[in-house]
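Starting off with a structure, shown below.
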Amino acid sequence: MVAGDRTKNSARIPAAGRDLVDSLVIANRILFDHDVVDAFGHISVRHDRGPTKFLMSRHLAPGLVTAKDIVTFDLEANAVANSAQRYYSERFIHSEIYKRRPDVVAIVHCHAPPLIPFGATRTKLQPIYHMSAFLGAGTPVFDIREAAGMTDMLIRTPALGAALAETLADKPLVLMRGHGATMVGNGISQVVYRAIYARLNASLQMDALKLGTPIYLAREEAEKAAASIDGSLERAWNLWVDAARAKMKSRQA
Amino acid sequence: MVAGDRTKNSARIPAAGRDLVDSLVIANRILFDHDVVDAFGHISVRHDRGPTKFLMSRHLAPGLVTAKDIVTFDLEANAVANSAQRYYSERFIHSEIYKRRPDVVAIVHCHAPPLIPFGATRTKLQPIYHMSAFLGAGTPVFDIREAAGMTDMLIRTPALGAALAETLADKPLVLMRGHGATMVGNGISQVVYRAIYARLNASLQMDALKLGTPIYLAREEAEKAAASIDGSLERAWNLWVDAARAKMKSRQA
Amino acid sequence: MVAGDRTKNSARIPAAGRDLVDSLVIANRILFDHDVVDAFGHISVRHDRGPTKFLMSRHLAPGLVTAKDIVTFDLEANAVANSAQRYYSERFIHSEIYKRRPDVVAIVHCHAPPLIPFGATRTKLQPIYHMSAFLGAGTPVFDIREAAGMTDMLIRTPALGAALAETLADKPLVLMRGHGATMVGNGISQVVYRAIYARLNASLQMDALKLGTPIYLAREEAEKAAASIDGSLERAWNLWVDAARAKMKSRQA
Amino acid sequence: MVAGDRTKNSARIPAAGRDLVDSLVIANRILFDHDVVDAFGHISVRHDRGPTKFLMSRHLAPGLVTAKDIVTFDLEANAVANSAQRYYSERFIHSEIYKRRPDVVAIVHCHAPPLIPFGATRTKLQPIYHMSAFLGAGTPVFDIREAAGMTDMLIRTPALGAALAETLADKPLVLMRGHGATMVGNGISQVVYRAIYARLNASLQMDALKLGTPIYLAREEAEKAAASIDGSLERAWNLWVDAARAKMKSRQA
């Protein structure tokens, strides 16, 4: 089965619900179809039967992930079910955020192109319309150089994961200088939504900055709009799932 | 049937012609295929058997709308035929414009990305070529903050719809700060055309502004060109329908 | 047959060779697939059995054109074979250029988006790389206002076509303020090539102008490179035909 | 067989391994699918059974290349196996680099649009994120005018190939003013990766320059990140091959 366990202590790890695994798989495809991830980047979800575990693909391009590739990790980023030969080297992004943010149920790490210039120039990413209102809560920038000097830019250790999580703090997103961004959400659909619209907001904000001084959403507008949009996530999720399934089906045909 | 009525007083509401419903469905798909709408945004058409009713999808992504999802609303934005569990919260955009603009037969509300910077910076959207000549009639900007202070940015009430309609006045389009835009037309093909080319004009105008000071169409040129283009709408509509149908068909295969 | 004649004097008009008609049809599709034309724009070719005739589709979106839609026109832009109910109102662009340019065998008129800002701002379109070297021969801008005052921007008459042809002179391309562009070539593959790479050059030149002062091809480089590229047109044409045919086939499946 | 030899001295030239030819074919398609090449541009790989030979397609658009089109060349750019009627005129780019760079196993020459502005303006292409860290090793610009005065911009001779190779020196990439770029790698997957991410870096750097003064990767960060990424090339390659194969399959269906 999906979360079939090949590890020694598998008996103690409950299998993830099939629905959760299926949602994680389709979320991988959706992020690829929307140019949030390319061959790189990843999405995880906290286990539905225990908050100290999370699910994420083995080392694989998101566009190729299927149910059999989903591994269960503990909060030290060790595989505890359906272990594989290789994992994402940056799985500590996920484990360290889950440790510190009990409200977070799903995480996306990506190198979505439009977000890169904001990490590189420190122009503050701000909500230009209601669709990306969640950005109003803050968009801190993490510079790995301040945490660890000269590195290969990757979050390869628990310590680097912790430093990133500290910069993220209670915000929905953290930009990473010379690298990408990490978004968090209260579930798969919310974090996918945030990844897609953070990317779009970045494009629009760059366009608007060329036209003049943009009027961003006021803090109160952003709070109210973010809450409203959360009530319509399902409308977007249903569309994305439909398109991703159609694409997967046409590939199999 | 398509507009089969499930409401108590359905006997008094004539069913919408099948052709009109079909056109509205295909228009939903066309707007999605041309990146005017994504999971959000909507299009309505005034009822062909009574000007005090209009047709619009239930709460659903436009890319997924089918004939069975089309609801009939009255001008208070109440469903009067083929009612559903949930409606677009911003249906008052439509009802209040239909009330005030007897010339308007179809309305699009969208968050098309290139239009957002114009609402945010107040750079005036102007016709850069004959294809978008209709913009020469005026492109006012609605700021919900002036009408209602701090909100979630959405046109959730008749009063907000009325305020938006007042800003639109007799123009073909109104930009909405931090939100999107709303276009009106004398039929489905005209409003779809206006939505597609307003979006394209926004992109081109941003490009031109980087090159220098654009020469926009003169008022008289714009009037004449807009009238001319209206005589060729069918050429575009036929292409869009053909492409949307082919896409729907390949999805079903 | 393809160029079957339904007009009175059809006996005197030789039918266009099937190959030429097929090439013209596929060129329509290629221009659409490469975003040179959308629902609007057109391509013509001089008749292969008489230089005083040319072939062009009836009033139809290029993406929908088939062999049965190809009409034969004389140099007054009158249909003389396979006449239809409606023609492109701007067919005088073609007739007047064919009159004045015996070297021209094919013509494209389009509103390709990246070219619009160059017509609107008068920033000179110049060859930024060898692929668009033909632009080095000159890229004049036609402003219809200088020829005819306030118009609907369209080349609706022989006189306007003549004025445009005068501005084009012996150049490969003429930009049209607030409207689009017209390219000419010594055959279908050359004019399609020129349309595709004029569009691409426009994008790249806008990008380069944001980075600094571009070094354009010198006149002599441009002449030599244009001649070289002409020797490899077939490589591109074969690719484009292959892709367009595959798309047409998948639509019929 | 694939590298079946039709030349006189074929007995002395070992046939290229089928896997290498297959990889080269799929790499041609991948570069086309990722807009690195269009109808023009080419990729070669050093022969796996002799460093003084290399494999490259005959004169053909990369999107159409199949195994039977792969020709074996010697380091004078003469065809020595599976000869054809016509070759890329710029095959000297490949032969002269292979001569001087024993570490180079694969080469891409392209006109990828986002790279053109960097060659034309001399704005230095620099790594804006870890994905394109290899650019930190240097991105020299070759101006053919300095080597040979007024030309058709093409590397048509061994001498021009040698001049280009001299400018490339020990770097991973050389930009070519008014023309394009050439990337080298230690194998097909690395050079394809470098071509795709050089193109993407160019886009992102242009965006970032509009926002402010970008912080590029430090030299040490770039070295470390480039080494790290090389350890994950297979993840990207597998995705690209999967997508290219699916596209080829759907074309045959």
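So that you can tell them apart, the chains are marked A, B, C and D in the order they are listed, and the count of residues begins at 1 in each.
Keep this in mind: a contact is a pair of C-beta atoms (placed from the backbone, for glycine too) under 8 Å apart; a residue touches a chain by one contact, two chains touch by 3 or more.
The shown structure was predicted, so the numbers you read here are calculated from the model rather than taken from an experiment.
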Shortest walk length in steps over touching chains, chain A through to chain D: 1
Type of chain B:chain C copy interface by residue overlap (half), same or different: different
Between chain B and chain D, centroid-to-centroid distance (C-alpha), Å: 47
Interchain centroid distance [CA atoms averaged], chain A/chain B, Å: 33
Where chain C touches two or more other chains at once, by residue number: 210, 250
Topology of the chain contact graph, where touching chains are joined (line, ring, star, complete, other): ring
Pairwise chain contacts under the document criterion: A-B, A-D, B-C, C-D
Interfacial residue positions of chain D with respect to chain C in the complex: 38-40, 59-61, 63-64, 89, 111, 113-114, 116-123, 145, 150-154, 177-180, 206, 209-210, 250-251
List of chain B residues in touch with chain C within their complex: 127-131, 133, 200, 203-204, 207-208, 210-218, 220-221, 224-225, 227-228, 232, 235-236, 238-240, 242-243, 246, 250, 253
